[in-house]
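Here the chain labels run A, B, C and D in written order, and each chain numbers its own residues starting at 1.
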């Protein structure tokens, strides 16, 4: 059978230069902040210094009197909102518009330090800033709660007075959601275990760390039609949310997606787009550009991902079979409900085929920013806990940690934690890829005066499907253009164009990919959930086949035979009837005019057949025993891509996700003072890895075809971030002979562990 | 007949049963039939004429893009799963 | 005080005059006054390097320099890296080696790498990593960036 | 950012006049790598910036075997790193200058700026303390020289009076068999503020210590000397054991705090580790001088 593994591709699997690359290396690519319009104003947001306070009054008069100031807006200027859900992400997700509006500009309470309160538009960014200082806000500070466990206790300061306990509807609570996954007999499972490991882990909030500040340029001239230029992952999400907040029909908002400087999930929602539109409306329709500062975006305007407390108990037989697992996960939601805790509950144990398990998850409000998505949201926290416990179980069984994982591996037909059975997956294959790597086969050399350790961990991510649209236009010169609605955040123009080129028998560079605005392409869900190469790739594939269908009809006309007698083989039309020489697209293109006119292929998909993704990470570390500083010496990552369309960008996703995971493991964390102010709201003190902190990251692409996709593609964007924190913790634990349970493993924290060990 | 797997926090509506076999040709019909057997269940998963915004449904391993309208087969396995949350 | 200042300078080899407020950074002057938006704003604290330009051949964060300080200097931005349509070897290798994902940090990396290769045409991996430590990239894990700089050095050395 | 005026004088006299002209609201801008961030955060709001980078004597590096080093306060760190004289006579101070921020920052930032910003964690300050540097200050009342250990008055504050600026750093010539070393602890390998910084300068007489100075950063409200540790070493052989003991004594000089960058406990511990390493490194270099 011809499968994606056996088929000889001409374009897929090669490494052409990306189509948008030139613009990006000569400085011509337009990111959101690079747009300007005549008469443009600059917007800024006033943000709360308090982590929890009632807003008693806002006086904007002085600000409005400052020369150059054209508009000042507050929450009251949004259209009135309710809590009735607004659907997005193809109906698979919903937002609560009242929460959304209240998070962007506070309604009557500020819920975290950095919460937006009012916004200004002025003729220069400096004047807008000066105007912020003239807005008078009277606050009544309220008791606050920052700690996750404190927030869950009865009697804690209440953040949202409308939230009630599920079991006692008259009692207020900060627990916004409870999740549970349960199967088998957990008690009996632990009774059958020879070895039981139980640990509590803790992680802090971390930021996505994209380099480009969130931006928006809004134009709302008062004819009821609004336009936003913005660097977003989800143009259609921006459209529905902006329309909702402004009280406009969805079709009246056009979103023009600019190039985007990283997002990692945080730019799937709106942060300032509706504010830019609101300011434009109040400033007589003048364009308003807004660019957040680094401090603003870190303090809260854009949402980090959750800190968490993770309790995991697992039991195994002495032969190395996991027989029971119990997990208790609490995640910080921030000031509004919606942490990814359920995804943690679902993903953490999914690599393993466990008969008896119980997972409980809690979504908990604290006076910190509303969390937003971050690459495989929720999964990294959970995997950190589970993979550390699994490592200890393997040790106690005297087994190689990868053999232990393979013995307990989920495979095709295993019922996942959420319930549905896995299709063909590549978990065992990624474990084996690491086992067979040069890195794993090379023993770790010890050096005097240092501690060295090696750790492995694995990770699972569900991946996304959802909706995509694609249009393929055939040009008279025999080239084509591909129009999609998927913002290109890391090479997806290239990979989707390569799919079209493969089907049409063209070179990659003969297909020009374009990302269209929301008026110019059918509905397309955001660039997230590792879905673009998979789902937009599927739409591109189908649109190309729509072109092929039409080309076969045109060839049939040329040959004066019936379309059924034309085949499309290896990028050529072939006559099954007479011996006419095959016609390529290049040859057919000039004849389109006389055979019926232009050819455009279209496809709209709601993609099913999503292929789950697994990754494994191997890391060697060296620790200075005196300063407790950890240095990563070597790192290898294996990931199942299904089919790597452009291997360089698959490797890039693997390397980038791994390094984000290494940063999370070692130094990244939100540090709050007792008043709830984020202390390290800068790239200086929020310590992301620099290139001097890292070795080369060795990628091993594993290809276990996804049976749900014609080319075998799975998503590759997210899962690589999941294993590294646990891999590093396992390596450090091995090196220092003591179990690491808290992230990040920064020098001051590790020093405490070492000091305790020394006594 | 299709088999419906009951989310653990809703098993109180099904007398603790982890899964129930129910007739029906669509997810919506299955849910209606399940509600006859276990009154109150439908209200936990349906709001108006669609699934609750916090839920998605999976049929035979894939997210059912049709929601309640999704067709099911005699041998289908139906799971209710959380929808992608947050905003 | 708000009177704008005239700044005479050289940008990408062209004698250039521009008007700016004293409080406008060189980055703002380049982007908002001169329309050279290739240099990117990432942090405004000199920690990410996305706004790196060369000032008299040295890499500088243009967010931490005032526009008025550009008087009499020679400024090179990413827009001045290629010679006409001939890409600089660094640009060529960044493309071939897939060294960019989102691309927002790319102009800064190119300028820091150029400053390095101009002074040290044959750097070691460690020297490259040191020279690029002031540029943050969140997409690539740096691997392919470091390789592109090594490969560009080879091309420039005729190896 | 607020509005301000900008002047770029070419002589020290002009600079002093400008600085004195606008009371407390005039400020020197050198590399601007701290100042512009402070202005953006509205921590400082000077009405006048006086750019001193065009003043020749503030850009000078000159060494004389008798008089020692004159280092212009505005010399960018990268030029210090590229100076043969600096590497030869003050390798520790040179490495401190080369640790400030990235190369982009080093192309702008100066030791004078680092000194006048007066951060307790400034990298060059412990190194300056170790080599016994003196700040040459010029103001409306004339010139005065202030040893660096008397320069700081608190976090972000110093002895500079209205209209005064640091023009040069003066450092005595190193005695034979003298060398310095600076080491800092940061969680990353670059782009970080020191959790602890330690500078040491050692003069050997045979295999014994004839003189020693130890400067510490980020462990007190200002950069400080660790005199007890230095005195202890006089007349002793500098080896692992004595360096370790000196490190313990240096800990006694430190009064660190908990902050987002590190705990007091961790800092106190690391003071000892870095002092030991800086001393051994300085001695190693001194033996070769």
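Quick note on the criterion: a contact is a pair of C-beta atoms (placed from the backbone, for glycine too) under 8 Å apart; a residue touches a chain by one contact, two chains touch by 3 or more.
Computed from a prediction, not measured in an experiment: that's the story for all the values here.
Averaging Cα coordinates per chain and for the whole protein, the chain whose average falls nearest the overall one is A. Chains A-C form the pair with the most C-beta pairs in contact. In whole angstrom, the spacing between the mean C-alpha positions of chain B and chain C is 56. Distance from the chain C centre to the chain D centre is 29 Å, each centre being the mean of its Cα atoms.
Rounded to whole angstrom units, the spacing between the C-alpha centres of chain A and chain D is 44.
In chain A, 126, 683-684, 689-690, 692 are the positions where the chain touches two or more neighbouring chains simultaneously. Across the assembly, chain D contributes 1-3, 189-191 as residues in contact with two or more other chains. Residues of chain C in contact with at least two other chains: 21, 23, 44-45, 47, 130, 133-135.
Looking at the complex, you find that chain D touches chain C at residues 1-6, 8, 29, 31-33, 36-37, 40, 47, 49, 51, 53, 76, 78, 101-105, 107-108, 189-191.
On the chain A side of its complex with chain D, the touching residues are 126, 129-130, 133, 295, 626-629, 631, 666-667, 671, 679-680, 683-685, 687, 689-690, 692-693, 746-748, 751-752, 755. Here chain C touches chain D in the complex through residues 1-2, 5, 21-23, 25, 44-47, 49, 52, 55, 58-61, 63-66, 68-69, 71, 112, 115, 130-131, 133-135, going by the rule given at the top.
Residues 1-3, 41-42, 185, 187-193, 195, 259-263, 265-266, 269-270, 273 of chain D touch chain A in their complex. The residues of chain A lying in touch with chain C in their complex are 15, 17-18, 20-22, 24-31, 33-34, 36, 124, 126, 208-213, 259-264, 291, 293-294, 489-491, 646, 648-649, 651-653, 655-660, 682-684, 688-692, 694, 696-697.
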